[in-house]
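Chain IDs A, B, C, D and E follow the sequence of writing; residue 1 opens each chain.
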Amino acid sequence: MKLLSYFRGEAFQRGVHPPSCKLTASTRIRRLPFAPKVTVPLSQHIGRVPRPIVRVGQEVVRGEPIAKSDEWLSVPHHAPVTGVVEFIGLRPGVRGPWVESIVIRAHPGASQEDLWGRPRDLADATGGDILQAIWDSGMVGLGGAAFPTHAKLTVPKQAKVHTLVVNGCECEPYLTCDHRVMVEQADALVTGIRYAMRATGAVRSIVGIEDNKPDAVVAIREAIARCGRIPEGEVYAELVPTKYPQGSEKMLVMALFGVEIPAGDLPVSLGMVVNNVGTLAALGKLLPAGRGLIERVVTITGPGVAKPGDYIVPLGTPLRFVLDYAGAPGAESRQVILGGPMMGQAAASLDVPITKGMSGVLVMRGDELAWREHQKTYPCIKCAECVESCPMGLNPSQLGMLAAKREYDLMGSDYHLGECFECGCCSYVCPSNIPLVQQFRIAKQILREKAISK
Amino acid sequence: MHESAAQIFINAFLANNFVLAMFLGLCPFIGVSGKLETAAPMGAATTFVMLVASLCAYGLNLLLGYFQLEFLRLIAYIVIIASTVQLVEMVLKKYSPSLFRALGIYLPLITTNCAVLGVALFQTARDYDFIQSITFAVGAGAGFTLALVLMASVRERLQLSDVPAVAQGTALSLMLAGILSLAFMGFAGLGG
Amino acid sequence: MNQTSAQTWDEFMEGIWRQNPLFVMVLGLCPALAVTVSAVNALSMGLATTFVLTCSCVLVSLLRKLIPKEVRIATYIVIIATFVTVVDYLIQAISLALYDALGAFIQLIVVNCIILGRAEAHASKNPLLPTLINALGMSAGFTLGLLALGSVREILGAGAFFGVALFGPDFQPWVVMVLPPGGFFVLGAWLLIFAAIARRKQKKLAEITQNA
Amino acid sequence: MTSATILPQTTSPAAMIRTLGLIAALCGFIIVAAYQGTYDAVQENKRIAVERAVFKVIPTARSIVEYFATPAGSVTKVGAGDTAPVGSIKFYAAYDASDRLAGIAAEGVAKGYSDNVRILFAYDPASASISGFGLVAMRETPGIGDKILVDKDFLANFPLEAKLTDDLKKLAQAIVTVKHGSKTHSWEIDAITGATITSRAVGRAINDSAQLLLPRIVPNLTQLKEKS
Amino acid sequence: MSIEIRSAPHIKGTRSVEQIMRHVVWSLLPVCAFFVFQYGLSALLSLLVVTVSCLLTERFFVRQGGQSGDIGDFSAIITGLLLALSLPPGFPLWMGAVAGIVAIALGKALFGGIGFNVFNPALIGRAFVQAAFPQAIATYTPSFMPGRFYEFIPSSMTIPLMQPVSVVEWLQARQFDALAGATPLAKWKFEGVLANADDLLTSLSGHMAVGPSPVLILVCGAYLAFRRFLDWRIPAAILGSAGLTAWMLFALNDVRFPNPFFMLFSGGLILGAVYMATDMATSPVTPKGMWVYGALIGLLTVIIRYYSGLPEGVMYAILIANAATPLIEKITQPTPFGKGVLSNLGRQKKGASYPLHSGYISREDAGAVTPKKRFLFNKPKHPPKE
C-alpha cells in the first residue's frame, strides 16, 4: 500500500490514515438550548487577557461586549446570553488550572434573539476597516489554535500576501463541524473569504478540502458561482487527498502548491495566509451585522454519545450541560476529549465551559479504551513505522529512545525536536505502544523552561 | 612469496584486522570507543603515528642491520617511536594548532599503544620493503580506525538501550568486540 | 612485626584480587587475549611479564632518586625495553617452540600498560621492598588472570588442559575458543561472572544492613 | 617524601645527561650481557630446530649443510656469519650416515586460510620428486588447517612428481592442488575436504619454491653429491 | 461519571508487536514445511530443537529480569526458525541447541532484550557455531533422499559434546559420492561447477544440497512486504546491489565469475535478504539508511563469496552491516519538513510574493493529480517586480 503511494504522488510525504469515524457527516447543524448559566473565561485565545468591562450584578444583553483590551494581540469577549453577571473570578479552566472568568446567569424568560449589534456597510471598506471590524468581533481561529484572527490577517510590513488558503480539511477523525459549515453556510464562507482577501490584499483564494467531502466542494463552488466574478480576485475550491494531518497548514500548502513552508517560518513567508473555514464563515456572518463571536459550531460525537451531531453552542455553556443534552450517559463514559482524538485534550472536569477554540467534544466509552490499556508496552523495535508516518520528517524512534534516557538537549540540538508539531502520528502507529508524542511534549516543555531560566 | 601492496593493505585492513584478528591496540580500542566524536580522531592520529613509526623503523632497521646491532632493535624502536610522537606533537603544536587540538590529547596515549610497535615489529619480521611497509602501516591504521568507528557507533546506540546492569561496562565492550571479530572472520582469506 | 607482615600480605593480595590488572583494571589486554589459546602459553607469558615487571620495578625503585623527572617516562621505557629484550633472548634460549607460540607478543610486553603504570605509579615513589611486593602481587594477579583465560580456552577449544587430553578422542573441540572471537568472549564472560558475584555480595550486604 | 621532590625543581641539563648516560650504559650492559649469555644457546636451539625439521622430512638424514642457490645458477656453501647474496635462496642439503646426499630441503610459503603457511619440503634428487613436507609456521584453524599434517590421504600424495623440462628451466608439470577425489596425475595434490584452502596453500608453496629453486640446484647436483 | 485524563492521541493504530511477529511466523511456516519435505525427519527435529532452545533461553532471561519483552511476543520463535533454516539439515542437534542458546543469550539478552539488540540474534547463533564447529556446518546432505521420512541423517543424533558421525559411509551406502553433499556455492567455488537455474529457483530437483526454495521465500516475503510487516526497500537494495556487482564482474570476466543469476539464487542470499536483513531491530529506521544498508550487504556478500576463503558470505555481510547500522542511521537522518533544499529556495524569497500562476485552472478540470514538489519548477525565474 505504501508502495502504491510512491507512484501515485501524494500530497505530502508520510502521515497516517486513522479510521474516519465521521458519524455526523450528513446530519444538519442544530442549535443547542441555552444553559441556565454560562461561564466566559477571559483567556480563550493566544495573547493578552482582556479585562472585564462589566460588574457583578450588571444586566447584559446577548452579544454585548463584556471584556476588552487595548492590547493588539488580544480580543474582546461578548455576552453569549442575555442575563445577569453573577460572578467574576476564578473558575475551572479547560487546561486544569482555574482561570479568571465571567459567569452570567441567563434570564429564563428573555428571548435569546441576537439583540446587540452595530451593523455597518462594508461594501467599500478598506482593508484597515475590515481588520478593525474583525478585531471588534472578537474573532479567533476556530480551527483549534485560537490565534486572534485580526492579527493573523495583518500582513507584516515587508511581506506581501497574494493567496488566502482556506483550510477545510478537517482531517481529524470524528469531527464534522467544518464539513457541515462548508455545506450549510457556503455563502457566508465565500463572503468571509472576500473580507479576508480584502484585508490581506490577496488576489487568490483556495479552499482546500479533503476528498472525502465532495459535497462540500460542490456547495462551495455553487456559492462561488452565485457570487459571480468577485472584485477581490478569484476563489477556488480544491480537493486534496484524505490523510491525517492534511489540515495542518504546512501540509495543506504542500498539497496545494507543492512547496514546503521553511522550518520556523509562517506561511506568510511564501505570501500566504491560512484560515479555517469555520473562522471565515463566522466572519461572513458577523461582520455585516457588526456582532461579536458568541457561539460556534461544535461536533459532539463519539461512541459514548446517544445523539451525536453538530450543534451551534453558545460559548461558555458548561460541558456537563452539553453532554446531558446530547445524551452521554454517565456511567460508562470514561473519557471526554475536547477537540479531535488525535490532538484534542482530555477534559479535566465536566464543569469547564465551551470556548472559542473548541471544535469538538468526543466521548469515549470505557470498553473502547480497555483493549488499549491491556496492550503491552515494548521497547522500540525500530520498525520505522513512526519515521514513515511523521509528516514533519523527524525520527521519532530516535527521539523516543533519547527521551527515555532524558537526553533532552540532544533531542533539541541534533534531532530537531523543535520541529515536532505534536500531531501524534508517531504514537498512533507505534506497535510497541510507546507514548512518543507524550514524551516529546514533556521534553519540549523542559527545554522551554531551560531556555527561559538561561 | 611476494605480497602485492593491495594484498597487504586488504589483509591489514580487513582480513587480519589489527584489533579484531590480531589483538593489537586493544586498550585504546576498549578505552576510546565510547564516543564517535573521540573515536574518529583517535583512529586518524593512530594511523598517522603508525605511518611515521613505520618509516622510522624501516630506516632504523637498515641502520641496525648495517652495524649488526639487531639485538638493540626493540629498544631502538620504542625509543624512536616515543620520540617521534613527541616530535610530531611539537611540530603540530607549532604549525597546525587546530590539528593539534584535535589530535593532541591522543598522541601521548599512542606511545604506549602496542599496535604502533606492532606495525614496526611485524614489518621487520616479514621483511617488507619500503612500499610494502608503508602500505602495511596505512592498512593497519585504516583497519584500526574502522574497528574503532564501528565499535563507537554501536556503543553509542547501546547507551540508549536497557543493557542489564551486570553486563554494563567493559564486559559488554568485550562481547561486542567478540561479535565484531566473529563478523570479520568472513573476510578471512580475502587478501589471498 | 606481625602487623607489617599482614600489611605485606594485603599489599600482595591487592594485585591479585582488588586491583587485578586484567579483571579489574582491564590493562594489558593484547597479550592477555592473543597468547592465551593454551594454558602453557598463558603461564609462560605470565612468567615473562612477571620477570619484566619485577626487574623493571626494582631497578626503577633503586634509581628513583637519580632519575630526572623531566625524562622519567623515557627512562622507564628504556629500562623496560631492556628487560624485555633480555626475556626475549631467554625464551629463545629455553625453547624455540614456545618463542614461536608467543610470537611478537613477547616484544610487545614493552608497551604493556601495566608495567609502565606500575613503574610510574608505585616504583618511582617507594623503596625497594614494597615495590618488590607490589610488583610480585601485580604479576601474580596478571598471571592468574592469563591462566584463567588460557585454561578455559584450552579446555573448550582443544578438550585438553596443559596439553593433556581430558575428554577422549571423540570430543568435539569448540574451535571458536582458540580463534580471536573466543578470546573476547571468554574474557567478557569472566568479567560478567565477577560482576554477578559482586552484585550478589552487594545485595547481601544491603540486606544485612537493612536487617540490622 | 623530602621537600626536594615536592618543590618544583629542574635538573640541570648536564646532570640530566649524566644520569641518562648512566642508565643507558646500565641498560646497554644488561642487554649485551643477556645477548652474549644466551647467544650460544639460541644459536644451538636454532640449529637443532632446523636439523630436527630437516631430519623429519628426510628421515635418512644424519647431518645437514646450508647452501645458497644464487640467481646465476650456482650453489655456494653458507659459512658462519655469511649474508645472503642478492636474489639467492637458502636450502639445506642433507646427508646420510655415510655422508651421501640423502635429500634437499627448502622452505616454501603461500597464503592459507588466515595467514601465510610456511613449510619445509624435501626434494629427492634420485627420483626427482618431492618426498614430503613439514611445517615451519602457520596460523590456520586448529582442527581444520592442521589436518595437512595428520590426514592420511593427504600425506599419501607424497612422493610427488617434480621433474624438470629437458632444458632444466622449469618444472615439466606445475604442481597443483585439486579437489579431493579428483587426483589423476602424480604431480597433483589431492586436497582435504573441509580444508581445501590450506591444502592449496601447501601445493602453491611447494610449486612456487620448486619452480625457482630446482632449476638452480639440479645442474649442480654433482657438487652436492658428497658432503664437503 | 468518572473521567480519565490522558494525553493525545486518544486513538491508536491496530498494529502491535505480537501481531507483526505472529505474521512473520505464519509466513515462515510454508518455508519450514518445504524444508521438512526436502530433508525429512532430521529437518523437522532440527527446527523443533533449535526453536525450543531459543524459547527456553528467552524464558530464562525474561524470568531473570535481564531483558525486556516476554516469550509471548513470538520473536524468539522467529529467531529459532530462521536459525534452523540456515543450518544444514543434518546438523547435530546438540550443536543446534548451542546455537539457539547463544543466539538468545549473546545476541539478545546481553543487550537488554527485544528491540535493543544491535546484531541479528539468529545470525549471531549461526556465526558462533560456524566458528566453533566449522566442519559440521559445512556438511550438507542431498535433498529428497529416499527414506528421509523414516530415518535420521546419522549426524543429527550425535551424542552431545562429541564429534558428529561421518555421513560419508551413510551416503556411500546409498550410492552417493562424497561430493553430493557440497552446496552449489561450494561446488562453484571449489570445482567451478554451476548449478542449473530452475534447480536453484525451486530447489525441487532431487539430490542437491540446497536450502529452501528461493521462489517460495520470495512469495512469503512478498506477502509480508505487501502487508508492510517488512520493508521492501531492504531486500530490493540487497538483491539490486548484489545483482549489479555480480553482473559487472561477470561482464568483465565471464570465465572466472559466475552469472549474476547464480549469485542471486544460490546459497542463503534470498533467505538472508528477505528475512534476516529485514529484522527491524537491527536495520536502520531511516528510508535512505535502508538503501545504504541493503547496498552494503549486497556488495559485501559478493566480495566475500568471490574473494574470501569461504563459499558463503551472506551471514557475515549482514552482521557487518548490522554493526554499521547506527552509523548509517546517523548519516541518513531524514530531512525535516521545511529544511530541505527546496524550502531553502523559499527561504531566500522570504517576504517576496509567491507568483500567481496565470494558467492556474482547477486541477480537477485539468484531470491532474496533486502536484508533488514539481510544481515549483513551473514558477517563472524572476518574479514580476512592482
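As a convention for this text, a residue touches a chain if its C-beta (ideal position, glycine included) is under 8 Å from a C-beta of that chain, and two chains touch if they have at least 3 such contacts.
It should be emphasised that the depicted structure is a prediction, and the values quoted were computed from it without experimental measurement.
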Check your understanding: In how few steps can one go from chain A to chain C if every step must land on a touching chain?
Key -> 2
Check your understanding: Going by the stated contact rule, which chains contact chain C and chain D alike?
Key -> B, E
Check your understanding: By CA centroid distance, what chain is farthest from chain B?
Key -> A
Review point. So which one's got more C-beta contacts, A-E or B-E?
Key: A-E
Study note, to complete from the structure: Per-chain C-alpha mean nearest global C-alpha mean belongs to chain E
**Study point:** Mean-CA-position distance for chain E and chain D (Å)
**Key:** 47
**Study point:** chain B and chain D: spacing of chain centres that average the CA atoms, whole Å
**Key:** 29
Review point. In angstrom, rounded to a whole number, how far apart do the mean CA points of chain C and chain E lie?
Key: 43
Point to revise | Centre distance in Å when chain A and chain D are each reduced to the mean of their C-alpha atoms | key: 86
Revision key, fill the gap. Check: chain B positions touching at least 2 other chains come out as 15, 21, 71-72, 75, 161-162, 166-167, 172, 175, 179, 182, 185, 188-189, 192
Review point. Going by the touch rule set out above, which residues of chain D reach two or more other chains?
Key: 27, 31, 35, 113-114, 141, 143-144, 197
Check your understanding: Residues of chain C that touch two or more other chains: which are they?
Key -> 78, 81-82, 85, 89, 175-176, 179, 181-182, 185
Revision key, fill the gap. Inter-chain touches occur between A-B, A-E, B-C, B-D, B-E, C-D, C-E, D-E
Study note, to complete from the structure: As the complex stands, chain C meets chain E at residues 167, 170-172, 174-177, 179, 181-182, 185
**Study point:** Complex contacts: residues of chain B adjacent to chain D
**Key:** 1, 3, 7, 15-16, 21, 71-72, 75, 188-189, 191-192
Point to revise | Interfacial residue positions of chain A with respect to chain B in the complex | key: 379, 401-402, 404-405, 407
Revision key, fill the gap. As the complex stands, chain C meets chain B at residues 26-30, 33-34, 73-74, 77-78, 81-82, 84-85, 88-89, 104, 107-108, 110-113, 116, 176, 179-185, 187-188, 191-192, 195-196, 199
Check your understanding: For the complex, which residues does chain E have touching chain C?
Key -> 95, 106, 128, 131-134, 136, 158, 161-164
